[in-house]
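Each of the two complexes below includes chain A, the first together with chain B, the second together with chain C.
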Partner chain A sequence: MKNIQHKETEFIALTPKNTRYKIKNLFTDSLKINHKKLDIQIFDDENGFTYLLYKNKKYHAEIIEKNQNKYIVLINGVSYTFTIETPFSYQRKKYLDKQKPKNKVEVVQAPMPGKIIDVLVEPGAEVKTGEAVIILEAMKMQNEIVSPVDGKIVKVYVRQNDIVNKDDLFLEIAR
Partner chain B sequence: MDINGKLYRKFLERNAAYEQQNGKDAAKKQHSKGKLTARERIELLFDAGTFDEIDAFTRTAPAESNFGKVVTAYGDGVIIGHGKIKGRTAFIYSQDFNVMGGSLGSVHASKIAKIQDMALKMGAPIIGIIDSGGARIQEGVASLAGYAGIFRRNVFSSGVIPQISVIMGPAAGGAVYSPSITDFVFMTNKTSHMFVTGPNVVKEVLNEDVSFDELGGAEVHMKKSGVANFVYEDEENTLRGVIKLLSYLPSNNMENPPAIEACDTNIEPAPQMLEIVPDDPNKPYDIKEVIRLLVDKDTFFEYAENYAQNIVVGFGRLKGRTIGIIANQPKVLAGTLDINSSTKAARFIRFCDSFNIPILTLEDVPGFLPGIDQEHNGIIRHGAKLLYAYADATVPKVTVILRKSYGGAYCVMNSKNLGGDFNFAWPTAEIAVMGPEGAVSILYRKELIESEDPAKLKKELAKRYREEIANPYVADEKGFIDEVIDPAVTRRKIIYAFEALENKHVTSPSRKHGNIPL
Partner chain C sequence: MKIKSLMIANRGEIAIRICHTAKKMGIKTYGIKTSKEPNAYYLSFPDEIIDFSDDIEDIPEFLDVERLINAAKAHKIEAIHPGYGFLAESPYFANRCEEEKILFIGPSADIIHKMGNKTIAKQLAKKYNVPLLKGSQGNVKNPEEARKIAKSIGYPVILKAAAGGGGRGMRIVEKDDQLEKMFRLATSEAEKAFNDGSVFIEKYVRNPRHIEFQVFGDQHGNYIHLGERECSVQRKHQKLLEEAPSSALDEKLRTEMGEAAIRIAQSVKYYTAGTVEFLLDQDRNYYFMEMNTRIQVEHPVTELVTGLDLIELQILTALGEKLPIGQSDIKLTGWAIECRINAEDVQAGFSPFLGTIEKIQYPKSKNIRIDSGITDKSVVTPYFDSMVAKLIVTGEDREKAIANTFNALQKFWVKGIKTTIPFHKAVLSNEKFKKGDFNTSFIETEMESLFYQGGDDEMLGAFLATFDFLATLETEDSRTVDFEKGRNISPWVLNKRLK
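And then the complex of A and B:
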């Protein structure tokens, strides 16, 4: 048990393409990434902007999103997505990925009755989780219907100005 | 005295045997399934070195016949004890899947009951980590009686100490009802399941093929059933979530929630607030942006974020003090109140009220969701739960109306006459019985039919309606709104309002209990 607590100081930053960066001593000055010792400093300026200082160069940095252990950060205008894993959670991820059924199709349905104002995607388009795919006017509001998964649009069942009922099929997304 | 001497022999032997039982082999079994052991989970949850186990050496009750296999491991498949989480006492039981599949026998059950009784007596939170095959079949009715005893204690403790269930493996049959009574249910994605009857029975009885995950996986309970309030991708993050949740909660109903000293004391106006809500009332926006600007930096902790997303509910801090937040989400289902959002918010309000957590309501609601589906499934009685929960809550209650506030939904969302202590509105608020278009169609039906250009007339009338009726000033002049405020100073206003309400005291009429429309 003590092992787990001890190992906690070692983390793995994992990108969506499964590139691994081993990080040691995350909360100290002597940060090690992939066994190389790096000297990186983080500071805020008087306007509340955050900068990283590395090899005497300043990089503008911002955390765009943090959800559980998933981060999206912006460094010099480029956004990076990654998760922070512990050695155990990384093992678990590898184990679960092996069991994952592939090529599953997700359907997007009307959450309430209304009128289609706009269809923002075409078959074949790549979408990300949370990306708007359809604008549905209902309850006098232009509701954004978002993709529940990362994937590719397979089929679109509705067109602009269609009137839809609750649970009508909007589109299919293959992930 | 000689610690290795004769007198201590049995003591040392037992300890060694128990170490062995919890050793590497046990860990290997769980790790190969992507799970941690019962003990590793405890170690991650409690501050290092603070956990003390009790009743470690209990033995499984002998079965009455030789039906099935009986194991002679220590502990009967559950670890109970107490320790400190961020310095505060908490009690725990953690089921051990390695001992008889974590199944619940009579000794197992009486251990859980013992720790439940202790937690209640001491007034400290109790956490149950569930990883169990269910009732132990060999022990028959004794294990069912054990479950019933646990449920009764769950109910007795409800509203006295926070009860948290963490599902980290199977929870089937009777095992699901204890978590459902507790205040919060955590689940770990992919490796935990909850159902009343499993896939095998479903197949046998209904001839339906369904997998464990499709029937009762974390994703189902987070998005569809609403059973799981917090879902995380792995066990370590799940336990971190429990620690974070506890940081917002008092240990019992006699205490106030803990305040953080080093906190965000900024009360400067936030002009960004004016840019979040669009001028066009038909355009949606993300209410979470408003919440994040109002509460202390990075303190918003959302509850059931993937269920009934048309209402956003969670904890936050104002100058270090815990508040509960209920907010309509115009981005989802236009922010309407429906069955699921009503019950979600109602249960959260009940929790806050039980544990002295003040409630902030952010309102932008066009009304209840119309439709056959909603009416036939009982939006009347489910909507009533939200109404009841608000009216019954005696903690400080503050409401801010950002934009729409129409009809029954106005009344329900903590309006002045329902018991709101401070009710503020932004200048963009529209407070009326119904929206402009609907209202003029009823009031000027005849004129609209006879008119040569009904669309133009309707537009004009709607404009007049907005100016004369659907605005915050009428409500303000009648006292239904305490103040129309500049959106930029909302944070300062609500902080001072809650400070003014700090010693709020309400006496209710004497009764056994009210009859909430369940």
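And then the complex of A and C:
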């Protein structure tokens, strides 16, 4: 497996909304994105910032999370999520996605760290989209956490006065 | 009267801001060091640091009245500046200072109490002929009473904490069947936030503008106003971007509202810096909301259009000096915009983004002012607010100020955390905002996207991610690096060699 010719390989950067960026000839002068020849340069400046230079404009760039082929990057402070695929792994992913059953359970997670002030529902309760299910206090504000779907509460993971971190599970709702 | 020493019972950018003026006035400053951020940037500005970092008390340091007072006495400090937040509007703290013969930089405890209690403040406004919204005479005790009043003034109504401020303890009720739940939420939030669960009810104005007037009074019966600030760009009642002046006011309305603001100040013989908040409805009727008896976060926009140092005027009038200027001396020149740049993830509902700020790079120009309490390697902690910096930019007129602010934001880079910079760019490039045609519902109704994206940004992100992915693969492919032929060198290294 030594010295795979990556330079000639095409890669696909895939967004969660399935927008595809086909990237070819990286590290060469003939970089192509979606079949268009582009000149993008990457620099580390003397102050420790990384930026991209494209069409004479500087774009502040930063990788904030990476895990194997999954990336979250910032361009001018806005984050973008990608999975990097080869044409082969992309075909396999498409096939596997088709096989996957549609997930019918919606999970509600903590949008920010905070304290649970009130849990307004119990397992078995019917909720409507937009209905408040939990009151979360964060940054001294009480926030209503609302149901993202119409459904029935399956499980409640938190109780009043619990301290939660971002992305902690609140509850599961079956559609 | 003059003082030689001042304790700053606050942190972050406002502690630094106060230090600058105190130094200019020849006053020695004392800062408070806490265990929550013992290496904070603001600590490098005061002349002396008082160490509260041993954590002997359960009360947060900047709320610990007796400890602050004892420290002031131990160091023979003559005055305390509370900044904003914390004890800035605590009548109890102002009173304790008075008892201990320490000068509180702010109005008297009695004035803070009257203006801090919205029910009393509204009665004073009524007496002094300042327009008010219809609502309850004083607090409402239960949902039934609230319902009766709501029916008489008509929905929508708003429930507000009598001791409130900053959007806490406020609930809008659109329909009768929501009233009971909202009443419960408002009272519990008020109880928690202010130790006082009492709420009042008033008519809710849909889509008003939030306009506030900066006023000053001295202890000799002189009052001035420094024009208005436009604070309608709010999210959940939290101000995010302010400007001075406001595009909603003309000279006639400015004079009229300024005079009303001064009448509010007169009603309590107000002295030092204060802010009178108004709602302006779509027919340009204005209503008194509340008076803030502190220096405001957004005071720099007023400083930049008036050329005055508001902290200096605040200290002077607290000391009992006469106001050095009269109303006719105040000229508003140009336009100023302030962006509150917070460590928040706009793409995740403005949730706090905690972490270490690795690097920060400010834009630099004659028309740019940065008030910030952080520097490289500062940590955004969950203990305090999420403010990174206030970016304040001026221009000859509104259009130029908007363009200058947008350009400044392009050069404002923060590494290590996400900030609200993309949000501010989105506001400044919004057509309605540019026309000055907006109100407090702007963020919910007029912004297609809460963050600004250039057309090529996602594609560039794809490039960056793929570039790094491939670079990582290449490094893992072989441990042998051949510098001669340039084979298997990390592309990051290679790139630097090519430069």
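Everything that follows uses one rule, which is that the second predicted complex is superposed on the first by the 100 of 175 C-alpha atoms of A that agree within 3 Å, B and C clash if a C-alpha of one lies under 4 Å from a C-alpha of the other, contacts with A are read in each partner's own complex, and residues count from 1 in each chain.
Definition applied: contacts are C-beta pairs under 8 Å (C-beta built on N, C-alpha and C of every residue); 3 or more make two chains touch, one makes a residue touch a chain.
Keep in mind it's a predicted model, so treat the numbers as computed, not measured.
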| item | value |
| --- | --- |
| Partner with the higher number of touched chain A residues, chain C or chain B | C |
| Which superposed partner A:Val149 touches (first chain B, second chain C, both, neither) | neither |
| Touched partner set for A:Tyr59, first chain B, second chain C, both or neither | second |
| First (chain B), second (chain C), both or neither touched by A:Gly48 | second |
| Which superposed partner A:Asn69 touches (first chain B, second chain C, both, neither) | both |
| Touching partner for A:Pro111 - first (chain B), second (chain C), both, neither | both |
| First, second, both or neither for A:Ala174, with chain B first and chain C second | neither |
| First, second, both or neither for A:Ala125, with chain B first and chain C second | neither |
| Chain B versus chain C as contact partner of A:Gln91, first or second or both or neither | first |
| Where chain A meets both chain C and chain B, residue numbers | 1-2, 4, 69, 111-113, 137-142, 166 |
| Touch list for chain A against partner chain C, complex | 1-4, 6, 11, 13, 15, 19, 21, 23, 26-27, 33-34, 40-44, 47-49, 52, 54-55, 59-64, 66, 69, 71, 73-80, 82, 84, 111-113, 117, 135, 137-142, 166 |
| Interfacial residue positions of chain C with respect to chain A in the complex | 167-168, 185, 188-189, 192-193, 236, 238, 345, 347-349, 351-352, 354, 358-359, 361, 382, 385-386, 410, 413-415, 418-419, 421-422, 451-454, 456-470, 473-474, 477-478, 487-488, 491-492, 494-496, 499 |
| Chain B - residues contacting chain A, complex | 31-34, 36, 39-40, 43-44, 48, 190-191, 232-237, 241, 281-284, 330-336, 366-367, 369, 371, 373, 435, 437 |
| Residue ranges of chain A touching chain B (in the complex, touch as defined) | 1-2, 4-5, 68-69, 85-86, 88-89, 91-93, 95-96, 111-113, 137-144, 166 |
